[in-house]
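Order of writing sets the chain letters: A, B, C, D and E. Residues in each chain are counted from 1.
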Amino acid sequence: MEQPRRFPGKVQNEPGVIASGVYLGGRRVGDIPVDGAATWAGHDGYVVWIGLLEPSSQLLRKVQQEFGLHTLAIEDAEHAHQRPKLELYGDALFVVARTAQLIDGRISFGETHIFLGQGYIVTVRHGASTSYTAVRKHWESCPTSLAKGEDFILYAILDFIVDNYIPVLDAIEEEVEAIEDRVLENPLTRSEIERLYMLRRDLLRLRNAAGPLVEVCVRLTTNELPQIRPQMHPMFRDVTDHVRRVEERIDSLREVLAFAFEASLLIGQGHETAISKKLASWAAILAVPTALAGIYGMNFENMPELGWRFGYPAVLAVMVTVCSVLYWRFRKNGWL
Amino acid sequence: MEQPRRFPGKVQNEPGVIASGVYLGGRRVGDIPVDGAATWAGHDGYVVWIGLLEPSSQLLRKVQQEFGLHTLAIEDAEHAHQRPKLELYGDALFVVARTAQLIDGRISFGETHIFLGQGYIVTVRHGASTSYTAVRKHWESCPTSLAKGEDFILYAILDFIVDNYIPVLDAIEEEVEAIEDRVLENPLTRSEIERLYMLRRDLLRLRNAAGPLVEVCVRLTTNELPQIRPQMHPMFRDVTDHVRRVEERIDSLREVLAFAFEASLLIGQGHETAISKKLASWAAILAVPTALAGIYGMNFENMPELGWRFGYPAVLAVMVTVCSVLYWRFRKNGWL
Amino acid sequence: MEQPRRFPGKVQNEPGVIASGVYLGGRRVGDIPVDGAATWAGHDGYVVWIGLLEPSSQLLRKVQQEFGLHTLAIEDAEHAHQRPKLELYGDALFVVARTAQLIDGRISFGETHIFLGQGYIVTVRHGASTSYTAVRKHWESCPTSLAKGEDFILYAILDFIVDNYIPVLDAIEEEVEAIEDRVLENPLTRSEIERLYMLRRDLLRLRNAAGPLVEVCVRLTTNELPQIRPQMHPMFRDVTDHVRRVEERIDSLREVLAFAFEASLLIGQGHETAISKKLASWAAILAVPTALAGIYGMNFENMPELGWRFGYPAVLAVMVTVCSVLYWRFRKNGWL
Amino acid sequence: MEQPRRFPGKVQNEPGVIASGVYLGGRRVGDIPVDGAATWAGHDGYVVWIGLLEPSSQLLRKVQQEFGLHTLAIEDAEHAHQRPKLELYGDALFVVARTAQLIDGRISFGETHIFLGQGYIVTVRHGASTSYTAVRKHWESCPTSLAKGEDFILYAILDFIVDNYIPVLDAIEEEVEAIEDRVLENPLTRSEIERLYMLRRDLLRLRNAAGPLVEVCVRLTTNELPQIRPQMHPMFRDVTDHVRRVEERIDSLREVLAFAFEASLLIGQGHETAISKKLASWAAILAVPTALAGIYGMNFENMPELGWRFGYPAVLAVMVTVCSVLYWRFRKNGWL
Amino acid sequence: MEQPRRFPGKVQNEPGVIASGVYLGGRRVGDIPVDGAATWAGHDGYVVWIGLLEPSSQLLRKVQQEFGLHTLAIEDAEHAHQRPKLELYGDALFVVARTAQLIDGRISFGETHIFLGQGYIVTVRHGASTSYTAVRKHWESCPTSLAKGEDFILYAILDFIVDNYIPVLDAIEEEVEAIEDRVLENPLTRSEIERLYMLRRDLLRLRNAAGPLVEVCVRLTTNELPQIRPQMHPMFRDVTDHVRRVEERIDSLREVLAFAFEASLLIGQGHETAISKKLASWAAILAVPTALAGIYGMNFENMPELGWRFGYPAVLAVMVTVCSVLYWRFRKNGWL
């Protein structure tokens, strides 16, 4: 390993640059401006990590020229809205991942674009994504032998992104379970249906964010990429595994919500039927006094019952009796 | 590179020929008739680009003879209605892509057929598809080293076709989101159901247009095709990526519309149930005065209540009380 | 090429034999009986084409012995009801395809079995399938160099079979579009549901007939089969392509019919709800005069309103007013 | 080939042994006990076929020791309830197939386990499965050169099993078609829904029985198994083909039943709507005389119409007229 | 094989260690503490089996140091909630399987993590999973030659886990069959729908637990893993087979429950229709006396029928007759 070199003093980062440091053996040895970063990357054992946040077009061009990055990758990094993917341009690896975060109880999505080459890594964040300061700190405090390469930083970032899916999933899972309980108790109200619908939407978005990452991680565990040291393969296999587990949980939740929809339809149908039965029962019960009263309200001259002494109480008694019998029978067969 | 050659003066394009030019190092150096175009294509460094729009059968035969194209490809180009595909006939590549365009708010579909061989490219447009004049202009203004081959033109056209899917998708997405809001508010009206149905249809058509293009683009990134220079592979991988992103967005929208259908069914069921409850409640409330009035409308001689001084107001009071109690209870349990 | 040989004069085909000719360089040079056909097939440059229609068991055995065909293939050809497939028995290729035809507006299905070996091709038709006379005529009039082999005849027949799916699909598509319009206008009548159901059935049958042919065609484009000359591969790729296009259209139509079912359910639900609303509205409107009339039909002695001069018209006026107000409100909120 | 050897006289099969014979060149040359069978199997040209029916544990152990079979295969054969599979243990092939049979109009399932090694084949039947006596007879009467190996017996049994699926499928198909007709005529009765449900269940079971057999048959057509002579490959390809055809028919029937469910739901919905319309129409028609009669049943002193001479018939006439008009209108718009 | 060595006397297991023994030729020859276990593992022919139950972090670290295990595997084993998987870290195999158990009639899930290296196996159990004491006992009593390796213990554990799925599946199957009977008899009650829903949930969980194990078992039957002796492959193929059978049964049950949902919807619809018919029938029957009574309750002066002697009984007779005729007709057409 060569001798440590001289650093500029305090570097004032330009807008869009979150961090720009040089590392030796896993420890940060100084801050540098973007211009000239490639020279540091070229020094044996030194690793440059530049972190950008929604950088301007000019800043991206400057980074492109510094490290000789491919124009198409720079375009992707500028416009965002990419699928998770891994692309190899000459000596540089370009990785896109989508991030998810809970902000005020709603999922927000972001994107991270990573350029990785001999001695350097550039990360570009868009939208909702936690700062990688935590990753940086963790890495700086873990100077194992493995940690000496830029591929370890890539691993640390992907691992961090996948770990950040978990609280999002936990929150959705909790809500799904709450919905499940209500589905089986009563027909869903409009706002519950809306919630259920929104959960399906969110899960679909999360699926699109996390799903294609499996393929990216799998490729990072093969011998096809010279930028990744073979000793790093188990680390990337571990990330693969965790993102598969995330995917499986998402798929299960999606299926559970589909079950909930079907169960809700069935329960709603049963509810509708119960109301029809109630309506029919009461209609039948009330039709009896109406019909009887109608008959004794007719104006025929010759209606002997009308003159009977106990005609009126007798009719009332018949009414009450028939209604009670009907009521009792409807109760018994479960219509009321 | 050889010396520039002599061109005919102003070439009057025959019907069906949109453009027919010769390019050297990415810059257009002259216009030529279709006859003899193959000679120019044969000159080292020169590239011939002929653009046809719904050409006649004779014109296609002429092009076929000029460049020695395969009869089956010419038949495809004449009849249109092909699937997106990539076919290799001898030394020539034959590519079919479907185009989509918004015309007056409706999606129109077209087809582009491309013949590509050593030193020439022939594009044949059918139906709704934007003219490639923009591509031509862009290419002529970008004479990088890569731009010197006919494979770059193929890339530029495919990129243009895929980019043109985006505004179509954006428009559909906007409409889907509008429908989504309405689905969750009220049972859909007939015209909203029709709109939802039409969106599904359009997405199905767009899926059929864009989906098979992934496979075409993937084959253009392999070493299997001698017509494509290896340095062009990243460009075609970028197109692949964008068409995959288009495909993913289409699939998500299709799924969202399926959710909307299910949610709509559930909300419609709830609505039906609410109406049944209302109907039953009012029937119950109104049955009370009807039954009571029927009873006191009977003509029995011996009905003491009829002679009571406050019989009538008492009955009215009973009616009002019972109806009010019922109304209050129905309100309370949400039936009214 | 050897010298032409002597033919029997006019050959009287036995029952089940539609045609039995010898071709040289793509032109028919004479008719021959089935016995001895293998000798002609063995002559260099000569091709024997025997066309059978639902042949008897004996005829098939005779053909088997003549060309040394495999017993299992002969059994398949005799019993029909096979899946489309390609089988290699020793030196002979055995191909099964299903044919579809519109007969009186209904789809009828048939089967064609093809035996192909060095210098001969035997076609066996079952059920509804157009005669291959047209193919024969077309082939005889196109003596290109390619046309000189029996593999070209195989191509011509498969191409013909796939082309014949198109009018069937067109007819179904037209009907599907007619159904679609009606689905969105009104709840389907029983006969329309039946039509929709039948279309799904027909498409399922067509899918089973055409789908497995893709695999057959793909195998004909590989180098695995010595019976197919490499120059024929583009021809078979073209058929592959067309059958894939057929498959894609079938799949789209199937999906469209599934959409139509769902839309129909949704529209039917809306219709049901509209009727419930109408019923409830009229019940409410008519309950008012009934209740009021009931009250003034009671026989209490002391009902001052009954003695009022304008009591009756006042009650009528109240009835009309309340009913009108209700009617107007129901109209306004869309229940009537 | 060696000289024929001496056989024991009449062999009394022990319980569980259905048959135990020695064959030479496809012809049965004698019966033998299980003990010592391996010796006969070892003689060149001789094939031993032992047929067991639900054998005891001891009998299976005896067979295991005789032929040196693998313990796991013996365990499978003893416990049944296996998936169709092909397993290679040392020199012996172990094949499991599920059988289906119509018994009193219901499908019964069974299992056949086959051990095949150099010179011997042991078949173990469980549950509902036809005896292989017919296969044995057929084989004994067909001493072609192919028939001289134990692999031919395996083919004959698998072919027999697959052929026996056909009548089961035919019976289901017939029933499905009967159900289809009823689905489109009227909403299904409870017993018809039950039948439909049971058919789906039976098809699911049949799918599980026949489906995995495709994979087994495909492996028998490859060069991977030394127990299968290459000349037998076309025979096993034929079985593969037939079981694929069975699978395709099952899948079609499953899809048809799913269509029937959906159509039934749609028709039931239409039926429900028709009843609602009828109910609403009659309610409206009958409400008219009720309301009118109510009005003229009021006891106001001053109701001039009551004193009119033709007041009563006039009211009756109005009632009849209004009811008739309503009836006619409801008829016309299809509500009645 | 080397000479047996000296063991510590009675080893008091620390908390989290269930068992920690040394085996020679399949027989347990002594108990050892975790510290120093690797030394025993290194002795030729000796196998160390350590069984842990929800071990503490420190205990896991100790085991890690003892056998040089990979940190990521230790992390997985500590946190549980992993997918079934097989991972190769250097010389050690890491296997995760999920276990299922019936506890008080409900399914409980657990996880087992297995580390396997030269001469040792460490099993870590989490959550609901039967103790492997039974496996241990069985293995100790079966000292075949195969049983002499740690790979045999892995097989025994996986076989045990898969076998333990069977009673769980049997219990679910029994319940599914009970639900099926009720589905076809009557519309489901809310609690039955809840049960059906819960069964789908449980099957989904079981699918997630058992499904990925197929892949794990398949990899154990290939030559890719040096830790598995080739003679063990048939054993792992047998486990593969059984877990596939489990998977198939789960999939069938899932499909059956989906059928049950659909059938239930259809039967519920029919039930609803039957109630509508009943309601409409009784409404029609009762409307007749009401309308007739209303007419004869009118107060017209000139209503001749009122003065007829048998007017009243005649009207009653008409009422009874019309109602009876209606009742009879409704009965006949199945509405009542």
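Here, a residue touches a chain if its C-beta (ideal position, glycine included) is under 8 Å from a C-beta of that chain, and two chains touch if they have at least 3 such contacts.
Because the structure is a prediction, the values reported are computed rather than measured.
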Copy pair chain D, chain E: interface residue numbering same or different (half cut): different
Task: Could you work out how far chain A has to rotate to sit on chain C, using CA atoms and steps of 5 degrees?
output: 145
Task: Indicate the whole-number Å distance between the mean C-alpha point of chain A and the mean C-alpha point of chain B.
output: 26
Separation of chain A from chain D, taking each centre as the mean of its C-alpha atoms, in whole Å: 42
- line: Among all residues of chain B, those touching at least two other chains are 265, 269, 272, 276, 279, 283, 290, 294, 297-299, 303
Task: Name the shape of the chain contact graph, picking from line, ring, star, complete and other.
output: ring
- prompt: Chain sequence round the ring, chain A first and chain E second?
  reply: A, E, D, C, B
- line: In the complex, the residues of chain D that touch chain E are 70, 72, 76, 81-83, 85, 87, 89, 187-190, 193-194, 196-197, 200-201, 204-205, 208, 261, 264-265, 268-269, 271-272, 275-276, 278-279, 282-283, 286, 289-290, 293-294, 296-299, 303, 305-312, 315-316, 319
Message: Looking at the complex, which residues from chain C come into contact with chain B?
response: 180, 183-184, 234-235, 237-238, 241, 244-245, 248, 252, 255-256, 259-260, 262-263, 265-267, 269-270, 272-273, 276-277, 279-280, 283-284, 287, 290-291, 294-295, 297-303
